[in-house]
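What follows is chain A paired twice: with chain B in the first complex and chain C in the second.
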Partner chain A sequence: MSGIATFLTRRRGGASWHFTDVLAWIWLVAGLLLMFGPVVWLGLSSFKTRAALSEFPPTLLPYETAMVHVEGFDEPLPLYRVMMEDGEERLLVQVRRIGTVAQMADPEAPEEIIRVPLAARQPVREIKLATENYSTPFKRYNFLRYFYNSVFVTVVATIITLIFNSMAAFALSKYEFKGRTAVLAIILATLMVPLSVIIIPLFSVINGLNLFNSLWGVILPTVATPTGVFLLRQYMLTIPDELLEAARMDHASEWKIYWRIVLPLAMPAVAVLAIFSVMWRWNDFLWPLIVLSDQELYTLQVGLNSFQGELNVQWHYVLAMTVVSMLPVVVIFAFLQRFITSGIASTGIK
Partner chain B sequence: MSHLELKNVSKSFGPVGVLHHVDIEVKDREFVVFVGPSGCGKSTLLRIIAGLEKATSGDVVLDGEVVNHLAAADRGLAMVFQSYALYPHMSVRQNLSFGLENTKTPRDKIEARVAEIARMLRIEELLERKPRQLSGGQRQRVAIGRAMVRRPGVFLLDEPLSNLDAELRVTMRAELAALHKRLDATMIYVTHDQTEAMTLADRIVVLRDGRVEQIGTPLELYNRPANRFVAGFIGAPHMNFLEGRFAGGEAGAARIELDGGHMLSLRIPVRPEGEPITIGVRPHHIETQGGQARIPATVTLVEALGPETVIHAEAEGQPRIVAALAGQRAITSGDTVSLALDERFLHAFDADGRRVTEGEVAEEM
Partner chain C sequence: MTVETRQGIAGGGHFASLLLAPLRWAMNLIDRPMSFVQRRFGLGGVAATFLAPNMLVFGIFVLFPMTLNVAYSFTGGGALFLNNRVFVGTLQYETLLACRDFLDAASCREDRFWRAVGNTGFFVVVQVTALVLVSLATALVLNREMRARGFWRAVFFFPVLLSPVVVALIWKWILQRNGLLNAALLELGFEPVLWLVNRGWAMFWAIFLSIWAHLGFYTLILLAGLQAIPRDLYEAAEMDGAPRWRVLTRITLPLLWPNMVVVILLALIRAVQVFDEVFVLTGGGPGTATLFLVQYIYETGLAQQVRNLGLASAASILMAVVLIVLTLIQLLASAWRERKEQR
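Moving on to the complex of A and B:
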């Protein structure tokens, strides 16, 4: 504990507070709120009921009016704190509401009905997590299926991406052949073409290949990424050629050199690409939305979209499922932070 | 049997020629050293033999068979790289067995072979370590072990000792020599260090600018350098070259006047008076006491090494003469000494740098 305290109050130079200390604190706290606030807000809100979400002013924590089972009533009744006319404060349940007057009862003696004006009562609120936000989509909307589809697309696309990109990078970095620079330039040039520009031709290709409305239609167009080829090539250039020559002297085939020497040595870059690929594919929305029309094949991101009707948005489900869809990426971030920062540092890609 | 022949091998990178018509024959079980200053093409030559580089023209003949178009893997040679090129992600054991795995050697045989090599090179306790956990000398051993493990007929070694410190280099040099005897294999060794060449080689190939300058045993090269370059390259400290010209004489005993006016008599054919000639004399063949031709000189630097004293001196017409005097001498810089050249061991080179033969200088005892 004292360690944390000293860490938090650590100051520039000596004992007194310098104005840069204050600025640093303000900057860091503001940054924390800015970056972390929306995520916390999302997390807390995902546990609110539909009614609590539309409440104004909004509360930070997921509050809910306390409900009490009272003898003689089938349904649980909401609990209120009532200021009586004589100034006494009592806890009463509301039996029903008629106009501006509520009929209330003491939970201990429910036979006696007490009439109370609406203004005199305050609901007793307690923190309650609306876990049904999470369970219902999985039961009713087949979210497990969406989850599975997302995992399938992400994992398969990432594996294919890694294999193809690393083979291309190997050839472009370690073999001398005519037109090598031209090939690299063409691959890099495709970086400049955004998806939205080629979306229609891409769609006709996928349609022509009978991959429309199939997960493979989502996977295959995305596996050859110029960024991936470039990232891996740059890394492989740093692997000394002498290692490859030593392997050749050691009777290794070119495939073996790739598989046993180059790929293991390029692991740091491969890990970076794997992380990027997982994030890209997991968060992909536009392309899956276009290719997939069958509910059964929806990925999480497309599934989330289906809560958004024309007239009405089921915010409680949207929020809860957003949290679910974020989790894998958060976990990846937590465990592979080091690779991600080094990847960003070495490539400038986010 | 591992007999290697290079026939008229040339190599150019684009317009730049790095090797010109190289002819070398390496006999079975011979230890041949390619030596030359950096950039002379010796490493390229080794890589051509290995098959890592293709010759622009000429043939590489291995055991009577032209192997020009055979890939490196299929030539059955092994190479030790200057940087060792150990696979950094594999343990020493995996490094050693990688080559055998590629030739589909059975598991138990691989293990036996690796164990044998590890014992021979005393790296048994290092087998599970990664290369980065090894010292320079240990890496060197592993690199050699990796070459040995497939029992190749020919070992190619590309400056294998250049990354080691001076002391370790001497130790490893001795180990390599011992290893060559024990393995009974042909070794081709590239270095720019003439001491390594002299101590290790059965025969030395001196290269300069992509051309073979001379091939011979270490002592042949030392005693009868074919030209000025070889004479200057082999031997430490370097040979002194004294400029002069013919000044008459009779058949078989030319008189030579060095710049500065000193006269010498040499058992070489007489050439017309005034024709320039360079006299080569090794620092160890100069004395300050006794001897015939005496040249007065001023000492500019004294290196007292203990067993010998090396002096750098200036004489009239000869800006720099280095003499290695046996024992410890009471000479300080600024002193004037009288340098005596041992006329039995003088070398003569004509204006083109070629050795003037006929009439021999004596073999050194």
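Moving on to the complex of A and C:
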């Protein structure tokens, strides 16, 4: 026995176990359960039928009672494993239930009714994925619309953000002009003005511009991100000015210099900003909640919130749509994790 | 930016160039008017034109509302636009601050405001403390030599990217009456609990949720700080046979302190603004148990039948003061960190 224990605990380099190693592993495993567990549970639950979701205690996998088509009955009947009085086990379908007795029948010979006490029967369960949880909200409810609105807001806002922010960053990093420091200071100062403290006046500005209840009212206030300008400017400062001088010698216009030289060279920073912008806009909640009053214009986050806030929560749809609304972010993360983590670690933005 | 990220971008180039063709066409179109500006007004004009779109949006949707906010807080009445509103002086501030006893929200005229202030204060203190400690522990664990560190880092980090609505719904599903947590309690022989109906538990889960969602962000900043600590310091300590806890308290923590300050302040700034996750999870309830400042401002100013824009503006100005003080401290701290790193 002790041989096995030594084998299992043997470590690279022959170092012995320290109690902090144990603590670290406990922390990691607990973290794995606590961080991943809820999301896995969401995923599993989203494939359960409404009936399976209301079961308590819940099952891990999306099980459902097997249904069998039997001759002479229009509807499929539930299949049960029945312990007969003589100790034999048979597979029977339940025709109807009266009190504590179930009327059951052999699927092969449905004419003969067999009476069985409820306690003697166990439903036959099979794994069934309730994919209708995913399709119905798109067909019967507005989710296709919400999805489209979210995509529109995310894509348009990100493109405008990238263009506006990179133009401003270009001016602030490559030109000497009066008031440059002042502009920079203003931008830096507004880093500390979060949306949540200006929602009231911003709401009236949006109304004054007739942008209330419009997707543009969601998009425009978000596009001039000070973080983006700052991030891009810091990167553009590292692009040597000699490149610009050489282009000017060749009579390139300033716009061409920005568009053909500086922007392509700043692509790594632009990419980081693009990823962040997509995530910000896809996940935005408070501002779309304020601006959009028409159901037709809801983004996915707002639509999901109003759907889960209804009196009779249809959890089977809510869970599936929650998965849908987190999928793009998960995909982005899976492919671009390195960009995101290095972007955060080096700039402290989020 | 690493070499790999550069290659990653070059690899995606073909597909992107197809997508960006209309954009490229538009950009070439802009060349003409821009060249005109360049001839007519010189480089200064060009710089101004480059700045214009961003600063215009910025002015309309950030700077202007900021000043407008102050104006609104001195007006009353139900009108939406400032020119129709009545000047009331400091009435809104007086309403907010009218309390017989500042420790008892029920004695205040605007008791919901004070309940929100109290809840937010409690939330900030507990959440930031717990968040910083959990992030520090996670960063220390992730900084150890281990296999598949990238995987473990992702495990703790990924909730940062989830939307607040998604985070809230994931947990609401687990915490509901027939949820996973109550099933587990029952299995272990305990009574099920109505987590979000009990005042104390609702606050607990509000704090838990926001830590769950954000700890990866702070862990990442602390991890970057830990990895910047020179390795030879640890090697020297090992040579001297220093025990591990002393290495932690004498080398790791002091050298990590500048990062800790930044993390604490960032966490404070965000905790004051707590809203989304908790709003979706509890709606501020039960009663006012998880009503926070931003929700108070949102409801008072925009979501109620009778909008009280003046009162909400005054409340948001008070909140902004707190945030500005915190941010100034944070900027000073970052400057201090950078100076220290250069040394």
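Some points to look at:
The definition used in the following text is that the second predicted complex is superposed on the first by the 314 of 350 C-alpha atoms of A that agree within 3 Å, B and C clash if a C-alpha of one lies under 4 Å from a C-alpha of the other, contacts with A are read in each partner's own complex, and residues count from 1 in each chain.
Convention: contacts are C-beta pairs under 8 Å (C-beta built on N, C-alpha and C of every residue); 3 or more make two chains touch, one makes a residue touch a chain.
Note that the coordinates shown come from a computational prediction; the quantities given were computed from them, not determined experimentally.
Once the two complexes are laid over each other on the shared chain, residue contacts for A:P201 go to chain C alone; chain B is not touched. By the touch criterion defined above, A:F164 lies against chain C but remains apart from chain B after alignment on the C-alpha atoms of chain A. Within the superposed three-chain model, A:R140 lies out of touch with both chain B and chain C [touch as defined at top]. Legend: residue contacts after superposition of the two complexes on their common chain; A:R115 is shown touching neither chain B nor chain C. Residue contacts after overlaying the shared chain place A:L265 against chain B, while chain C stays out of touching range. Put simply, more of the residues of chain A are touched by C, taking chain B and chain C as the two choices.
When both complexes are overlaid on chain A, the residue A:K256 reaches chain B and chain C alike. Taken together, the two complexes place residues 253, 256, 267 of chain A in contact with chain B and also with chain C.
Of all residues in chain C, only 1-2, 4-6, 8-9, 23, 27, 30-31, 34-35, 38, 43-44, 46-48, 50-51, 53-55, 57-58, 60-66, 68-69, 71-72, 80-82, 137-138, 141, 144, 146, 150, 152-166, 169-174, 178-180, 182-183, 186-187, 212, 217, 220-221, 223-224, 244, 262, 266, 269, 273, 275-276, 280, 283, 294, 297-298, 301-302, 309, 312-313, 316-317, 319-320, 323-324, 327-328, 331, 334 touch chain A in the complex they form. Taken together, the chain A residues at the contact with chain C in this complex read 18, 20, 24, 27-28, 31-32, 34-36, 38-39, 41-42, 45, 54, 56-58, 159, 163-165, 167-168, 170-172, 175, 177-178, 183, 186-187, 190-194, 196-205, 207-209, 220-221, 223-224, 226, 229, 253-256, 258-259, 267-269, 271, 279, 282-283, 285-286, 290, 301, 304-305, 308-309, 315, 318-319, 322, 325-326, 329-330, 332-333, 337-342, 344-346, 348, 350.
Within the complex formed with chain B, the residues of chain A that make contact are 240, 242-243, 245-253, 256, 260-261, 264-265, 267.
Of all residues in chain B, those touching chain A in their complex are 50-52, 71-73, 77-79, 81-83, 85-89, 98-99, 102-103, 146-147, 150.
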